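One structure is given below, represented as structure tokens, and several questions about it will come after.
Chain IDs A, B, C and D follow the sequence of writing; residue 1 opens each chain.
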Amino acid sequence: MSAPAPRLALVGIRRQYGPVIALDAASLTVQRGEVHALLGENGAGKSTMMKIVFGLEQPDAGTIHIDGDSAHIRSPRHAMRQGISMVQQHFALVDALTVAENVALGGTARLDLDATRAHIRELSAASGLPIDPDARVRDLTVGAQQRLEIIKALSRDTTILILDEPTAVLAPQEARELLTWMRRFATNGGTVILVAHKLREVLSVADRITVLRKGRTVFTGHARDTTESSLADAMLGGPDMSSADARVIGATRAHSRQAGHSSSSAKTRDVLVLTGVGVDDAQGVQRLRDVNVTVRAGEIVGVAAVEGAGQQELLRVMAGRTTPTRGTATLPSDVGFAPEDRHRDAIVLDATITENVALKGAGRRHGIIPWSALRDATRTLMRLRDVRAGDAQAAVRTLSGGNQQKLVLGRELSGSPEALVVESPTRGLDIRATADVHAALRAARDQGTAVIVYSSDLDEVLALADRVIVVAEGHVREVAADRDTVGRAMLAPADR
Amino acid sequence: MAACGSTKSAANDSAAAAPATLRVALLTPGPVSDQGWNGGAFAGLNMIHDSLGARVSHVQTKTPAEFDENFRLYGEQGYTLVFGHGFEYQDAAERIAQEFPRTQYVTTSGTRTSTNLTGLEFAFEDGAYLAGIIAGAATKTGTIGAIGGQEIPPVRRSFYAFEQGARSVNPSVKMITSYVGNWDDASAGKEQALAQIARKADIIFQNADAAGLGIFQAARESKGVRVFGTNGNQNAVAPEVVLGSVVIDLPRAFLLVAREIQAGTFKPRVISLGTASNVVRLELNPALRGTIPAPALLTVDSVTKLFVAGTFKAPIPPIAAIKP
Amino acid sequence: MMRIARMVLDPLLAGILSLLMLAALLVVSGYPVAESLTALWRGAFGSWSVIASGTLVRATPLLFAGLAIAVAFRAGILNIGAEGQLLIGAAAATAVAMIMPTSLGLAGALLVLLAGGLAGGAWAAVAALLRVRFGVLEVISTIMLNVIALNITGLLVRGPLQEPTRIFPQSALIDQALRLPRLIPGTRLHLGVALAVCCALGLAWFLRYTAPGFRLRMTGSNAAAAASAGGIDVRRVMFSAFVMSGALAGLGGAVEVTGVTYALYENLSPGYGYTAIAVALLARLNPASAIGAAVVFGSLEAGASAMQRDAQVPAGLVGVVEACVILMLLASEWIGAKVQGMRSLNRGGTPHDQVLEASSSPA
Amino acid sequence: MSSPALADFLDASVRSATPLLLAALGETVAERSGVINVGIEGTIIAGCLAGLVAATVVGPNAALLAAGIAGIGIALIFVVVAIGLAADQIITGTAITMLGLGLTSTLYRVIYGDGGAALSAPTLSVIGIPLLQDIPVVGRALFRQPLPTYLAELMVPAIWYWLHRTQSGLAIRATGENPGASLASGISTRRVQTTAVLFGGMCGGLAGGTLVLAQVGTFTEGMSAGRGFVAIAIVALGRWHPVGVAMAALVFGMASALQFLFQALNLNLPYQIFLALPYLLTLLALALTRGVYRAPAALGARKAVRG
């Protein structure tokens, strides 16, 4: 790699937020025509680094070189002018506008939607990413939205594409297609920077890998020279990693079934029974059809599904948050629920930890709230669940993502509910927090709680579940807990 | 005549009722830049200052809660004379007057009185009646109009008198009455006028304060339409269309009251000022005087004489006769 | 600590900035600066009498309306209809006072107040229903309901509620027995002032310590989480909060007619409902602090009148002063937030995550 | 209704609607960018005074321009506080209204003294379009009006084109729906919102200029008389779409004209009913067309992502 200047090079990048150093002399070198993976724990500085590349943040020190020339990327607009685009985890799409309008958005030329439509069709055909230019974004599936993001980037003559956890929301089939496309994009001379958590995926697609730890670049090398465990060592900082963590990192190997078998044989009481349940959405579209599911005490039932298959509705029916349109749902009086979007659905960021704990059951509470007792209970809960924070009166906003999730699980498990419904429990969490959360779920199961877990990460479902049910096009069925079978079932509706 | 007032050393021997320095305050319900009701009162206040050397103060109130407050604070500060410029001040003045017996409270358009409360009534309807006589004679279409700001008693009375005046010379005359809904929206005033003009009104009597400017403008833009101004002398505002103004000489009225107070001869009562005291008068616009039928001018002169002699009063709407 | 410091420092900064602005305006328009500012102070705090009869009486409707705004905003409702709710409350109170037997004494007066509160709540319920049932943005519906309320008041004082002589566009005077008693004889300080303070403290207690108050706060902070994690019926909570907000404003209107004006007038409110937005903002939506905020604005209004009286500064400039105070308040809040933003990073948790979250979450 | 009377009625409707339409079109653009400016009342009254002052110096046509500039000036204060400092838009707007009304009445007195300006401003003459103005019933209402009416009418398609067929219009709509996404697409949301609000301010100023220069020929304190709030209602009734807004402005204009007409016909109906009617209508329309229309998703968002 001596001859050509690297496509993009970050040298000695430092970024400080107040006293917190997010990036400290970090570096990244990306060559033309490669898929370069960027790894690191939560808070290692990946997002900050990508924001700097995309012009959303400015470094306090350090230099950026594009094709060997020193560059100063002032804004996203400026980044795009240099051929850099970024597909963020939360899509930056305007859902009231059409696909074509979203693609045209932010352009500099005169607005010509006919030309944009034609251009989209062209790009779509060339890249193998199908999309309808006239569809409204709010009607698109998540996968289609991601395709749109990429098309959007391509339409701007993007040569450096940053993808932030792109497969997190995709079905296995869609994820495979995306990885294939990435490969082809790179082969044709494009450059991809892939920010990811799933090591197996990274190893399957990346040419080279850079690992950040605590704001510093700790590893850069060819993918072919690394293994999952060496990467994990680099991310976590070596030998202090516990065996539990290792198990999670190699998720496929971390099934840990023994405990599940023993408990499910011991307790067979039916806790949660759905009979002929159907759910229609506001537009009258059937989201769930004739669902019959039974969950017993002391088992973890994993739910696998592609985005929008009806699992959201299923989980909400099971959690008692949605009343089925048809059929009957027999639920215990107390069902814990840890939804996927914590910040939106589970916690109140500006409220204190105590208030967030008090939120459980707030709808039924009467009279005066016994705050001092609740404060004590909260402190106990924090100790028990290892929620690290200054005090029970601290605002939840000041907690890390992992501690927030532990708090949510702790709250939902307080009072030992008979059932617990959990949705993507570790999305956005780092390895340590992931391990803690998994341990908590297993502990709940072992204490006799009926646990239902859905995750967009199929490996996580398989790692946790005693039994697996699959939701596809509103139909629900149980399948063997085997990766291939489940993956197939997710894509095909029940062939009864 | 004004010489005696200009010396501040009012060390007259007269009793404690006449304090050393006259202090006079005025409350108006609207801005004093309206060239009408409020502007006239403000001019009166300034005249009291200039002629009598009084210390004066003015406040524009927005809401009834401020009536009490300002009356009270002027009372506390020892003001001699406080004008509340409008019927709406009566209730508050009546309440507060009891608490500050050393201050004389005067409400214009007021009808109530006590030991230190005075109602200052204007026979504005006299002037409106005279304007009506001219309108009735001068209208070519047989339709006249009246536009008010809000429907309040003095306005309604003036409209009634205007109509009766017109009827007295032209029994078949038809009158259209409209209200703008406020006193500021000159654009809406203009539209009200245009709507009346479209219904054939060719002489319009306005009593809409600042919004009345829009009525003048409507007349300027329409052929053959004439207008009457009110409160102040508004003949100069649009000399080509204003036939005349029904003037309340507020400065004169205010000065009258203030003089009596300074002289120590003041007695609280209901003071009715009209044509006889020359406080209310119809001032014709000399430029357009020639367009008014001569008999109408003669009639106006003779009726004015009757008013002055007190042998005739302009009619007021029957409903106002019902007293609480 | 920092929060408390900011609650004092922000308004102080705003106050100083606004005074400078006012002084500049006075110089530009040619009014005597020192004399005007002295008048402003004397008119607001110059004597016990102006405090009791001016500032505190002015502050009362602002406090009621400010509490109305605060409780709505706390529940996540942008109720800018306090103005209309106040007017409707005043109208209803007057109507009930007209038919209420005077023999009931203070109980009768309380019933009159109750009527005002109920009517204000009912008026807010219209906007609440439009929001909860039909998804009409309350910012827009309440602006319209304000205009409608104003016109209804105009109709009432010329129609069913007009005084018996049917001459003046106002209601008859409310009977002595139904008026709120004076707290200090010889001043205008009436029972309503105490009532407003009680409402503020009661509301603060309600929000902090009761289950419905907690539901209201959680709904306002994050409706989705309140519904999902708390099992809270957020529509119901929002509806009730909206009605409660209207009831407070309506009560303010009722207190104004029974404690101050003693009759219904069309121009009863010079925009209390709008100034109250600034009151609530200054109090950071905290009901107890709203007492102080209402006094600040009450003193400003009383002081502004004094500027007219004693320094002949025209009424228009008074509006400019209030506007400046609000704008400076917003500016100083921003400055304060900047300063605090730097400091807050010193404290616990993982501020790093926090910063990332703040910069990545849309809207 | 006879046809001349109908023609008068339509003429009055269009005249009353013109300042409302101008202000509402400006507010439409601002709201489409996600900013609700309840301070347009302040920009309108500023336009009134500026129009008057300028008219006596540079004549009515140039004064219209001055009115627009004054509106921009007031809107600039809103921009600095609500967009620059990310303060609450409703509170800022409320303050802007107070500021505009207070400042104009103070300045009016400083400039013209207690006596005021009388009817001193030269006004814009009515421009008749040959032939078209002679069309029965609607000819006069549509084709015999002063300049601002034509300006407002032309603005309707122009703004539609701007919002739906240009890059900057797309940026405005996208920012009003999702500022975060717009920012990530390389749009400076601050700049977009600033432009939209300043445009709205200019339209408010023009509306004020219309009142003085095309209608009244003078200034009176508070002559904007709540038209800023009417404009906000019109935008909602018109569903944030220029054509809908034009229709809605006409509805409000007709309601006013109907009120003028009924009074002139000596029908003794309380005028308050007519003043309140269009608002009731708007509320009903908003309630009954649920789901058909939608306000910009990020309308009034306080802490939008800025860039």
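Heads up, the rule we're going with is that contacts are C-beta pairs under 8 Å (C-beta built on N, C-alpha and C of every residue); 3 or more make two chains touch, one makes a residue touch a chain.
Keep in mind that this is a model prediction, so the values were computed, not measured.
**Student:** Any chance you could name the chains that touch subunit A and subunit B both?
**Tutor:** C, D
**Student:** What chains, if any, are shared contacts of subunit A and subunit C?
**Tutor:** D
**Student:** Just give me the whole-number Å value for how far the CA centre of subunit A lies from that of subunit D.
**Tutor:** 47
**Student:** I'd like to verify one number: the distance from the centre of subunit B to the centre of subunit D, where each centre is the average of its C-alpha atoms, in whole angstrom.
**Tutor:** Once rounded, the distance between the two centres reads 36 Å.
**Student:** In angstrom, rounded to a whole number, how far apart do the mean CA points of subunit C and subunit D lie?
**Tutor:** 28
**Student:** Tell me, which residues of subunit B touch at least two other chains?
**Tutor:** Only 31, 181 qualify.
**Student:** Which residues of subunit D are in contact with two or more other chains?
**Tutor:** Residue numbers touching two or more other chains: 105, 108-109, 178, 180-181, 221, 272, 275.
**Student:** Send over the residues of subunit C in touch with two or more other chains.
**Tutor:** 154, 158, 314-316, 359, 361-362
**Student:** All pairs of touching chains, please: list them by chain label.
**Tutor:** So the chains that touch one another pair up as A-C, A-D, B-C, B-D, C-D.
**Student:** Considering only the defined contacts, which subunit B positions touch subunit D in the complex?
**Tutor:** 30-35, 39, 42, 145, 176-179, 181-182, 184-192, 194-196, 198-199, 201, 210-211, 213-214, 216-217, 220, 236-238
**Student:** Can you name the residues of subunit C that touch subunit B in the complex?
**Tutor:** Against subunit B, subunit C makes touches at 43, 49-50, 53-54, 57-58, 61, 154, 158, 163-170, 173, 186, 188, 256, 260-263, 265-270, 302, 305-306, 308-310, 312, 314-316.
**Student:** Name, in rising order, each residue of subunit B that touches subunit C in their complex.
**Tutor:** Residues 25, 31, 57-60, 62-70, 72-74, 76, 87-88, 91, 99, 150-153, 181, 319-320, 322-324 of subunit B touch subunit C in their complex.
**Student:** What part of subunit D is in contact with subunit A in the complex they form?
**Tutor:** 165-167, 169-171, 173-174, 177-178, 180-188, 294, 297, 307
**Student:** Flag every residue of subunit D that touches subunit C in the complex, lowest number first.
**Tutor:** The touching residues are 36, 38, 77, 81, 85-88, 90-92, 94-99, 101-110, 178-181, 221, 226, 229, 232-233, 236, 270, 272-273, 275-276, 279-280, 282-283, 286-288, 290-291, 295, 298-301, 303-305.
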